[in-house]
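Pasting the structures in now, so scroll down.
Shared between the two complexes below is chain A, which has chain B as its partner in the first and chain C in the second.
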Partner chain A sequence: MSRAAAFLTRRRGGAGWHWTDVVTFLWLGAGLVIIFGPALWLVLSSFKSPAQLSEFPPTLLPYEARTVEVPGYDRPLPLYIVTDEGGTRTLAEVRRVGTVAQMVDPEAPDEVQRIDIANRTPVRAVGFSWSNYLDPFLRFDFLNYTRNSVFVTGMATLITLLTNSMAAFALSKYEFRGRGAVLVLIVATLMIPLSVILVPLYSIIAGVGLVNTLWGVILPTVATPTGVFLLRQYMLTIPDELLEAARMDHASEWQIYWRIVLPLTAPALAVLAIFSVVWRWNDFLWPLIVLSRQEVYTLQVGLNAYAGELNVQWHYLLAMTVITMVPVVLVFVFLQRFITAGIAGTGLK
Partner chain B sequence: MGRIVLHDIRKAYGAVEVLKGIDLAIDEGELVVFVGPSGCGKSTLLRMIAGLDRPTSGRVEIDGADVTARSAADRGLAMVFQSYALYPHMSVRQNLAFGLQNTRMPRAEIDERIAEAARMLEIEPLLERRPGQLSGGQRQRVAIGRAIVRRPTAFLLDEPLSNLDAELRVSMRAELSGLHARLGATMIHVTHDQVEAMTMADRIVVLRAGIVEQVDTPLALYNRPANLFVAGFIGAPGMNLWPGTAGPGGVELAGGAVLPVAAGVALPAGGVTLGLRPQHLRLDPAGPLAAKVTLVEALGAESVIHAALAGGQRLLAVLPGQPQLARGSTVTLGYDPAALHLFDGAGQRLG
Partner chain C sequence: MAALKQWAGAAVAAPLEWIARALDAPLRLWQRVAGRGGMIAFFLAPNMAIFGIFVLLPLVINVAYSTTTGGALFLSERRFVGLDQYRRLLTCDDYSDLLTCQEDQFWTALTNTGTFVVLQVSLLIAIATATALILNRSLRARGFWRAVFFFPVLLSPVVVGLIWRWILDRNGVLNAALAGMGLDPVNWLLERNWAFAAAIGVTIWAHLGFYALILLAGLQAIPRDLYEAAEMDGTPPARVFWRITLPLLMPNMLVVIVLALIRAVQVFDEAFVLTGGGPGTATLFLTQYIYEVGFASLLKNPGLASAASILMGSILIVLTLAQLGLGRWNERRGGKK
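This part shows the complex of A and B:
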C-alpha cells in the first residue's frame, strides 16, 4: 500500500512539485478518466434498477429505496423524508394518486396522511440490483448462450492454432516455388473486410448446411492471415539446424512439426490464442447472420435480443455486457506481457 | 561398416558452383578431417554425405549402396552440429531418446543405451536438465551423446569444437580422438582449424573453393604438400613462400639471394616458388639468407623471428632457445636443402 502511495506521488527529482509533475499527473488523470470512466460507468450502471436507469440527473452509484414493514400492509412500503408545514419526518408511502401520495408514519400506521409529492424525497441507500445479473441466467437463456460462446471460442481457437501453425511451418521452414507469392496472398487478405465477402461466405455456409449451427460460426473464422503471419515470423527464428538434427534423428516431417517446432513456438501460440479468444468471444456480425435460432445464439447475439425495436431492456443489457466483457478483461490483465511480447516479436527481425 | 565413397559430387546454387567434382573414399573406421578456409565447401560436402542437401550431380555410396536419393534419416548416420542443435524444450535424456523413439525402439533398450552413452561421456548427473542449464562443454557432450546412442554407421561432426573456449577445445579434441579409438566408427570431422586437423585425423582432406587439393595423412601433408595452397595452409606458423627464378646454382630470389636446392630436383626454366618452413631455418653465418629482423617473439622454448629479406620478402623463422637478436639487426640464416619445397609456376609440387 505504501509502495503504491509512493508510486502515485512520485515526482521529478524527488522533492517539490515541478510544473511538469503537475502537467503529467493532470494528463495521466485525464487519461484515466477518459479510458477507464466509461467502463466503470457501465459496471456501476449495470447494478441499477430500470427506474433508476431512466432517472435524470443520473447518479454515479446504484441506489435502492429503503423500505419498511408496516403492520396492516402486505408489502414493504418505501420510505420518504417529508418536509412541509408539519415539519420534517420520515413516512412510508401507501399509494400515490397523481401528485398526491397517501403516506403513513411507520410508528403510527393507522393515520393516513396526504402529502404533495413535491415535498418529499425518497430515502435511499447504496444497493445493487443483483436481479439484473441473475434473471438472464435463471429466467432467460443466457446460460445456454454462454455455453455456446465458450464452445465457439474454445473450438475456434484450437482449430486456429492448429491450422495456422501448420501453414506457418510450411511457409517458414520449407523452400518451395511460389512461397513468397503465397505469403503475400495470405497477408493481402487482411485488406478484405468481412462485409465484402459476407454474401458469398453465407452462401457457402448455407450450401454445406451449416446455417444455424455453431460450426457455421467457427469454420469460416479459423484461418486468420494475422495468425499465419505472426507464427511464421516467430518460426523463422527457430534455427534450421534443430530441424536438421531432428531429420538426422529419424523424425518424420510431422514429428518435426509436432515435437520440435510446435513446442518451441509456444510463446507465439500463446499470443495467437489470446487474440483468437478475444476475437471469437467478441464476434458479433458473423454469428448474427449465421445464427437465427435462439438455442444456438452466442452471448453477443443474445445481447442483441435485449435491444428490441420498441423497448430496450437496459438493465439486462448492461449487466450482460459486463458479463461478456469479463473474460476479455481477465485475458488482458493476466496475459498482458505475452501480448506485448508477441506484438514486439512480429516486428522486423 | 562405414565405408563412404563420393563420386564426382557437384553442387551449384544457381550459377554459383560450390563443389566442383569431389571424388573421395573414406575407409571404415577412419577419422577423416575436412579442412579448408571458410567458404571452401567443406560443410556443404558434409551435408551432402548426411543427406541434408542433395548434390546437383554425383553419387554418394555408403557401404557399397548408392544412397544419393535416400533421406537423411535412412542413411544411418549421426551428425553433431556446430551449434549442437540440442532440442531446447527437452531434457538431456529426452534429447538422447528422441532419435531412438523415432525408430520405435523398445523402452528398455533406449534406457540402456542412454545409460551407456551417459556413462561414457560422464553426463549422468545432467540427464534431467535442460540444454539451457548446461555449459558449452556439457552441451557438446550431450550433442555427441545424441549421436552415440544411435550407433550410426558413421559420425559426421560439423565444426563441433569451434564454439568452445581454447582450453576446453584442447581437452575435447583429445576426448573425441579417444572416443574414436574406443568406438572404432568412421568419423568425418569438419574444421577450419588446421591444428585440430593435424592432431585428430587419420587422413586430412584439404579443400579449397570446392576442390580437393590434397588427401593424405597429417605428416605427409606437412612433409610433402602437393601444392602451394596446402603448403601455406598446413603448419603453424605458415611456411615461407618466396617466388624466384631457377638458375644454375639454385633459385634466385628478387633480392639477389641464391638458394641452393637438393640435388636431383629438375628445375624448370622460368618462375618457381620456394617453400621453407620457419622451423627449418637456423642461424648459420655462412647461410644464403640475410634478413633484417623486424620483430622477435620470444616464447621461451623457442623464438619466432619476423624479418625482411633484401628483396623485401617477409621471412619467418622459428629458432630454438632464446637467441639474442635485436630488432633492426641483420641475421644470416641457413637451411638443409632437403627441407626445401619447390613449386612450379602453376603452384604444383616439384620433386
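This part shows the complex of A and C:
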C-alpha cells in the first residue's frame, strides 16, 4: 500500500507539488470513482438476493444466509446468533410468527425455543445469488431477447459494411455526373436524427409489413451516412494505379472492388464494424416503437419493459442489466483505442 | 488465441468469398451490357435505395403528414387539415400562462427541453474542457485515464438509466451515504427539481468522455513551442489559456458545442428510462412528447406528433446553420490576425 502511494505521488524530476498537480490528482481520482463506481455497484448489487437488496443501509458485498441441516426437518434451516438473558448462542430458525421466532439448537433439535426477533442477527458469509442470472434465462424470455439482439446487431453490421463500402467505392473511385450531389445529400442527412422522422418512418415500415419484425429494426439503420463518409475518406487514399493495373489484367469492376479495394480498406472497415456493433446493440427508441410483441423484443426493449413493471424485481433486473452491458464492456476493454482514434480523427458518433 | 481468430475469420470469410465468386459471372455480363455507368449504379443502388426509402422519403412524407388529421396510419387515408396541427401546438390564450395553451404538454416539453439544453450543455462543455485540459498535461498512463472517462459513452442508454435509477432509489446507495454522514435522505427521482438535476447529471456522466476526447484531440494539435514562448515571456497561466489555448481550440470547441446542443435538443432515452418523464411532467422532453403523442398514448395523434417533430427539426436546422456561420466567422477572424 505504501509502495503504491509512493508510486502515485512520485514526481518527474523530483519536483515539488504545484497546486495544479493537486487539482489534477483530485479530478482524476474523483473521475475514477464517479465513473466506475456506479458500474461496479451495479455488478455487486446484481449478485444479492431480494432480501438483501431491500436492506438499508446496503452492504458492499453480497452476502448469503448460512443454513444448516437439522435432523427432523426436510429443508436446510437459516442460522442466527441469538443474544438474550440466556447468553449468546447459535440457533436455527424453524418458523417465524410475528415478532417471535421458533428456533432450535442444531445440536439438540428436539427442544424448540421461542426467541424475540429483536434479539438475533443472521449468520452470513459472502455468497453470490447466481439464480439472479439463471432464472431470467430459464423462466422468462431473456434468452429470446438476447438472441434477437444478437441477430439484429450481427445482421445490421454485415449489411452496413457491405452497402456502405459499395457506395463508398463508387463515390471514391469513379468520376460521374451527380457525384457531388450524392455526397452532399449523404452529408446533409447526417443532421437528420431519427426523432424527426419517427412517425412517417413507422408508416413506411408498416406499409411494407415489417412492424414487429426484426428486419423492421434493422433496415432503417443500415444506410449510415457516417459509414459511407468514413470508408470513402479511407478509399481515397488507395492509389488509382492499382485499379488501372487490375483492369489491364481484365479484372471486372466487381473483382476490383472485392479483391483489391475491400482488403485494403480493412482497417476502416474494422472501425466501422466496432461502431456499428455498439450502435445497434444499444439502439432503443426505434426498436421500442417497431417492436410491441414480447417475442421480438431486443434486450434493451425487454429491459425497459421489465423495469416498467409495477413491482420491479430488482434482483433480476440488475443481473440482466449486467448481461446487457457485457458485450460493450468487452468492446471497451479490447477495442477502445480503435474507437477513440476513430472519434478523434473524424468526430463521428 | 491466434488460431481461434484465424479460424473465426475463415468461417466468416469463406461463405462471403463463395458468394462473391458466384456473383462474378452475372456481374461481368452486366458490366458488358450496361458499361461502367451500370456498375456505378450497381454499387450505389443498395445503399441509396435503403437511404431513400428509410431516410429521405420519410423526411418528405413528414411535411405532408403534419397537415393531416385522424387515427389512420397511411398518408392516403388521412384527412387534410392544412396548418391546424401547428395551430393546435402553438396556440395559447395567454402566453404568460402555459396552462392555457391548447397543447400544454407540448409547451411543458418545450420549456423543459430549453432549460435542459442551456444547463446541460454549459455544464457539459465546462466539465469536458476541464477534463481535456487535465488529460493534456504530462500524465503517467494518459491512455488509461482517457479510457476511464470514455467508458460510459459505450454503455447503452437503457443501462445508464437503470444504473442510476438503482443508485438514486429511495433506499439506494446515495441515500445510504447521506444517512451515513448524518444528512436527511432525498427522494431523488420523485422530487421535481432533483429529478431534473438527475437527468442533467446522468446525461453528462454518459456523454462527457466523447466531448472530452474531441477537445483533447484539439489541444494536442496546438504546437508546443507556443507554450514555451509564453513561458519564456513569463505570461501568467490564465492569460495563456485565454490567449493561446482557447482561440486555437476554437474549431474543435465549435464542433463540440453544436454536437452537444443537437443531442441535448433530442434528449430522450437516458432520461426516459431514469424518470419516465416524471414526476408528473417535470422531465418530459420533446422527443418523449413526440413518442407519447404518436405512439404510446391511448389517444394517438400521429399528425400532431409529426408537426411537433417538424418544429423540432427546424430548431436543429437553425443550430446547424449557426454552427456553419460561426465556423466561417471564426475562420475569417483567424485569417485576419
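Everything below uses one rule, namely that the second predicted complex is superposed on the first by the 303 of 349 C-alpha atoms of A that agree within 3 Å, B and C clash if a C-alpha of one lies under 4 Å from a C-alpha of the other, contacts with A are read in each partner's own complex, and residues count from 1 in each chain.
Rule of thumb we're sticking to: a contact is a pair of C-beta atoms (placed from the backbone, for glycine too) under 8 Å apart; a residue touches a chain by one contact, two chains touch by 3 or more.
No experiment lies behind these values; they were computed from the predicted model shown.
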| item | value |
| --- | --- |
| Room on chain A for both chain B and chain C (clash or fit) | fit |
| Which superposed partner A:284 touches (first chain B, second chain C, both, neither) | second |
| Which superposed partner A:255 touches (first chain B, second chain C, both, neither) | both |
| Chain A residues touched - chain C or chain B, whichever exceeds | C |
| Touching partner for A:39 - first (chain B), second (chain C), both, neither | second |
| First, second, both or neither for A:247, with chain B first and chain C second | first |
| Partner chain in contact with A:263 - chain B first, chain C second, else both or neither | first |
| Contacts of A:317 with chain B and chain C, given as first, second, both or neither | second |
| Partner chain(s) touched by A:239 [first = chain B, second = chain C, both, neither] | first |
| Smallest separation of CA atoms, chain C relative to chain B, angstrom | 9 |
| On chain A, positions contacted by chain B and by chain C | 252, 255 |
| Residues of chain A touching chain C in the complex | 12, 20, 23-24, 27-28, 31-32, 34-36, 38-39, 41-42, 45, 54, 56-58, 162-164, 166-167, 169-171, 174, 176, 182, 185-186, 189, 191-193, 195-204, 206-207, 219-220, 222-223, 225, 228, 252-255, 257-258, 278, 281-282, 284-285, 288-289, 300, 303-304, 307-308, 314, 317-318, 321, 324-325, 328-329, 331-332, 336-337, 339-340, 343-345, 347, 349 |
| Residue numbers on chain B that touch chain A, as the complex places them | 50, 52, 71-73, 77-79, 81-83, 85-89, 98-99, 102-103, 146, 150 |
| Touching residues (chain side chain C, partner chain A) in the complex | 20, 23-24, 27-28, 31, 36-37, 39-40, 43-44, 46-48, 50-51, 53-59, 61-62, 65, 73-75, 130-131, 134, 137-139, 143, 145-152, 154-159, 162-167, 171, 173, 175-176, 179-180, 205, 210, 213-214, 216-217, 255, 259, 262, 266, 268-269, 273, 276, 286-287, 290-291, 294-295, 302, 305-306, 309-310, 312-313, 316-317, 320 |
| Residues on chain A engaged by chain B in the complex (per definition of touch) | 239, 241-242, 244-252, 255, 259-260, 263-264, 266 |
